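Each of the two complexes below includes chain A, the first together with chain B, the second together with chain C.
== the complex of A and B ==
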């Protein structure tokens, strides 16, 4: 295995027991760390899951987690950046553009400079950033001079009920030459709030609101991380219930997105059909936990809402109904010339582009890049099943639609399987646990495949076992750049459907 | 006078018919039939709001738009009821009154000084330029068949008085239907319901208008749609049973047709719109040629 030799200085961790004592994390010199990382990222199977700075008394400690899809492991290494140090580090972004989000964040928050970084602009204007000279109002937008070109600014306030974000287009007539996306308007300081509270219920609720459409995914990731830190193992029944919730979320959002894509091209038939189906799915979640988006369902250590047989029966019934009707919608969509004409060959993100920008999740899979944590780094109920990610290779809007259409069916199958397993071995599930002590001076991480893609949370505890740092990685962080690349050379009127086909989260990015 | 009342009746009914058809086909009950009239009523009671960069053009554009459209309405007869104004060559005035309305809206949009409105105006200019020849060819065909050059003469008697003309008129109503779709900004050319500024054509031009001004623009749009639908309906009806009730009914069928179409198909890619509209010109030209051959009794083959 190549990574074995490249990353031999890095600590190898099994994602199922994602906890390491802080003192075991290898501390490399920047040059070693840089060489290792640059080399391993040439492998398609490797990508950086998280790379963040933790300020301490001696300076900044920068920790990097690399996910290796082939061996299903996570590799960790770190380097130090002394207090008051003025060193300029060579930038990894210059070699691997996917790293730009991490380096931009580190520069913005801690003032570390990276040499020859091609795109070192502020990422989200965090409240506790180092650089207060720059504000959102003077974001350095890229400009091109030219008689034929004109700029179109969209946002930060948009029509309709969507989140704020600023899109700056440079257009040649109707054609987009360049798009730059500036985010940060949704910054709430989630990571800081996480470490400032010791109340784990509050932490769980916070994680559920990182991105409202991924409440279950982020909630599960937090719950896994909390359980890892306290060394708890949860019964298989609970693991299955979480997986069911996650798949229900995937089904609901995928159907909603299919409907939204139809709305954006003015295809009423698909729109109304999908809206009705999505309601069935989220109402099923509501019948389970009282909230249509699964808030309150996932808690560390246990649950307030154990599944029951009658719930399961109702769920399977509803999903059968959804399967039947969604199959009709699918057939209709694939059959409508006017729909296909809009989606096909529009907003293409090539596989090599997806790889270079570090695309994850559904977007990566639509471009033929196999990135699925359920298959490569499975946790919980996914460990005992073989999940084959659905791949489409064209990378256009239609591919991203097709991934959704097929994943809905796949997820319905999975829920059936999970319910079957739930029936076989039922165990008593405890109530949530907010008090058991966390391992002191440790780093823990957890990853889940939300409907959008890979979600990674990393937590670090101090000597008393309290959270000293918490790092959240939403798939949107990487994929926004994919949208900017996909719309190049498209008509500006096709931007909305490209945007919708990615359906990225603003608040997941801005935290 | 009766013709004007009938035109206004069709104008006020069409949007309700479209909305109701769409609602029914999507399995909904839909809003009450007169909801669109209530909405405009609310707008009429509200003061307009102007942007910082808005000048005189912005203020006058809605008035000119509605004024031009209403003047065009004076020229159109419905069934046996003659137009209020009629003279030889009023067809040309009719087309250019619609053109004047379009120009006013475009200038008003550009006066807002936003990149969105500019984009909408440039799209409208392109489509307007292509749809105008199609309309002229249609009216020209009618003139050729009837041998008259005023609307009153055009629809006064049974067109051509021969069954072959029926075929021409069926083709013609199809072409006029497409022109209505373009002019009224409906699917597949434009989507009046969309909230996406970047894809809009007509809606984005009027993005900065509010209150009373918006009501004028909305009313102007409805009347324009009714005028074109009535031309199509008259052309077909005059061939067979050219009475006013039949014509009004046919024009209202346009609303149902638009509703059905909008429920069943997606909007086209913007770059395809030009092709779509040029196709209407081609169709209109074919209609003109067939009518010409029929009139000259040229036998083919």
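== the complex of A and C ==
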């Protein structure tokens, strides 16, 4: 209701049919846009899903999408920044720090300056950035003078088999005073490749590779967006199958992360038990679609891998086995004082911090902030179920572990429910469709709750119905700042478990 | 407290796979594609046009396994000509062996003569590797981790991933090699004492894969150094990785699929 009055100049879109003709997107003056946005972001239920620039002949067109969790809607408005304009815009980040990632990206890619931006540093050193004078080697790390302080650099290459990113700590003895995270090493130019190809199979495969551990989540988001642009509706059976795949992905990664947390504190029993359980889950996905990460499974309009009764039967059997054994692992972890001692009160991200940095997904829920698009902006099979997100309030490493422990069980229940619904009314599922025409000159968006959190894709078409712009938001984009805040005042030796408890994506951030 | 541990341990049972070479992946797994010719020209052109990574050429009909992302589109469009077998033994020492043609034998050739002399002699009994992800999407990275897990337990053969290049005998690279990562990779590679191995894991690493045309890559590093092993996959399956390293070290022999199956 409140957004109704605050954002009355903004276009309201129902996320289920998330498509608008470009000419209907309200174009406001920056001051109007700025006032509306600053005001609405004071509401806990509102956050920015996407805010990006699209270059055109007359200059830059900046489009912003706000999600309203109470209303279950998305609001859109835009402003222009003329070619060659030297105007310095007041920064929204100065009021709402969560906006920093968006403004930093706009400054980096297009050279727009925002006045009073507290942290206007390069975001990812994109290959097509405006400022070529600066490179990764001269990143302006924050420094503090003081004889008692020293700096520790970790990365870009880390000790384990993980993706690259640079962590610069300022420490007082063993204690972390400040952590700055510099990313960009994984930048592959995904958004550019998306708009440069007309081959929608290639687009689908690219989206599966945005973050390989979220192949199903990003793949589904793309498929939804493509279907929105072509105005297609898919059979409920297919929606259910996609939801099953998404929940399997969540189960697998949450179990893997539980194991990884055990590894980092040297608790081998928990580690090996989780490794074995994850194997069962991803091998179930492999038996279904031939790939342990679900690559190839999700395609727009249809699928090459319809579920079958025998697959379902095996899946449920495997999941029951996982449920039983994971319950034992959970009971054991909660009963082990030496495990709890490492996790409790470590790496706290408070609810107000989470809100201020715009945290999403399980990281937000572990800090007591209810952000889950399965509940607020449901699509597909999630529309007809009532999903109650699991919330934990402490915001420490243990909370993020607990969220995982409980979400695994919740997702196993969901898969059971979905399979039941799948059995009730089976419809024929078509093969993938890469050719139905897309609405020309339109903007479409889609969102999904991946295991990390809210994934948002926005696509814009030209007069011929080809992709002219594609914007990807991985939950990691927001949550990295959460990690930097959470480790303050922790011992530097606790950094690995803090980091693991967030388990953010580098490539999803760098794109 | 002890009871809860005993319960986990009892359910866990024995997880490691005693005979890794005895494992057969399910039929659905997409491993080595088999091409049945002749593929009609028109069809070949259609397939080449749809392939998301340009791994197919129409005339003559070839499939580059170093580019292929195993999306299965070509096999779905021309099932009579292309089938993905569950043969996971894909690694090879030379790039050409990954260009598959009609009437190829039913396995990926592995040429022993291409293996540098020092490899068997120095690393045959223990090999320590440093992994560098240079734009990898974290799926191959997770599978490399998995090859050391409780199921595959690759380190039983004296092969392991280590934290520092100074402790390593070679580098495994994943990802298409982004420009932003090029310098760090080269520093890391040069920190490994010579003679050092260079292994490329995943289609992205071998050819740039999906990202081959991206201006955000800088793959010149690969022009300067010799690659010892190419391991295709999207992502690389742990068994593909294990088989590749074991074959490189001379412990496994590449046999025809008809015999192996």
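Just so it is clear, the second predicted complex is superposed on the first by the 511 of 511 C-alpha atoms of A that agree within 3 Å, B and C clash if a C-alpha of one lies under 4 Å from a C-alpha of the other, contacts with A are read in each partner's own complex, and residues count from 1 in each chain.
In this section, contacts are C-beta pairs under 8 Å (C-beta built on N, C-alpha and C of every residue); 3 or more make two chains touch, one makes a residue touch a chain.
Owing to the predicted nature of the structure, the values given are computational and were not obtained by experimental measurement.
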item: Which superposed partner A:160 touches (first chain B, second chain C, both, neither); value: both
item: Which superposed partner A:228 touches (first chain B, second chain C, both, neither); value: neither
item: Partner chain(s) touched by A:186 [first = chain B, second = chain C, both, neither]; value: second
item: First, second, both or neither for A:120, with chain B first and chain C second; value: neither
item: Chain B versus chain C as contact partner of A:150, first or second or both or neither; value: first
item: Which superposed partner A:290 touches (first chain B, second chain C, both, neither); value: second
item: Which partner reaches more residues of chain A (counting touched residues only), chain B or chain C; value: C
item: First (chain B), second (chain C), both or neither touched by A:272; value: both
item: Touched partner set for A:342, first chain B, second chain C, both or neither; value: first
item: Chain B versus chain C as contact partner of A:448, first or second or both or neither; value: neither
item: Contact residues common to both interfaces of chain A (with chain B and with chain C); value: 159-160, 269, 272, 336
item: Residue numbers on chain B that touch chain A, as the complex places them; value: 22, 25-28, 115-116, 119, 187-188, 191, 193-199, 262-272
item: For the chain A and chain C complex, residues of the former touching the latter; value: 125-128, 136-137, 156-157, 159-164, 184-189, 192-193, 196, 199, 201-202, 204-206, 209-213, 215, 256, 269-270, 272-273, 275-276, 279, 286-293, 295-296, 304-305, 324-325, 328-329, 331-332, 335-337, 431, 434, 505-507, 510
item: Of all residues in chain A, those that touch chain B in their complex; value: 150-154, 159-160, 174, 262, 264-269, 271-272, 336, 338-339, 341-342, 346, 491-496
item: In the complex, chain C residues that touch chain A; value: 1, 4-5, 7-9, 11-12, 15, 25-26, 28-30, 49-50, 52-53, 69-73, 76, 84, 131-146, 149-151, 161, 163-164, 175-176, 178-181, 183-184, 188, 204, 210-211, 213-217, 234-235, 237
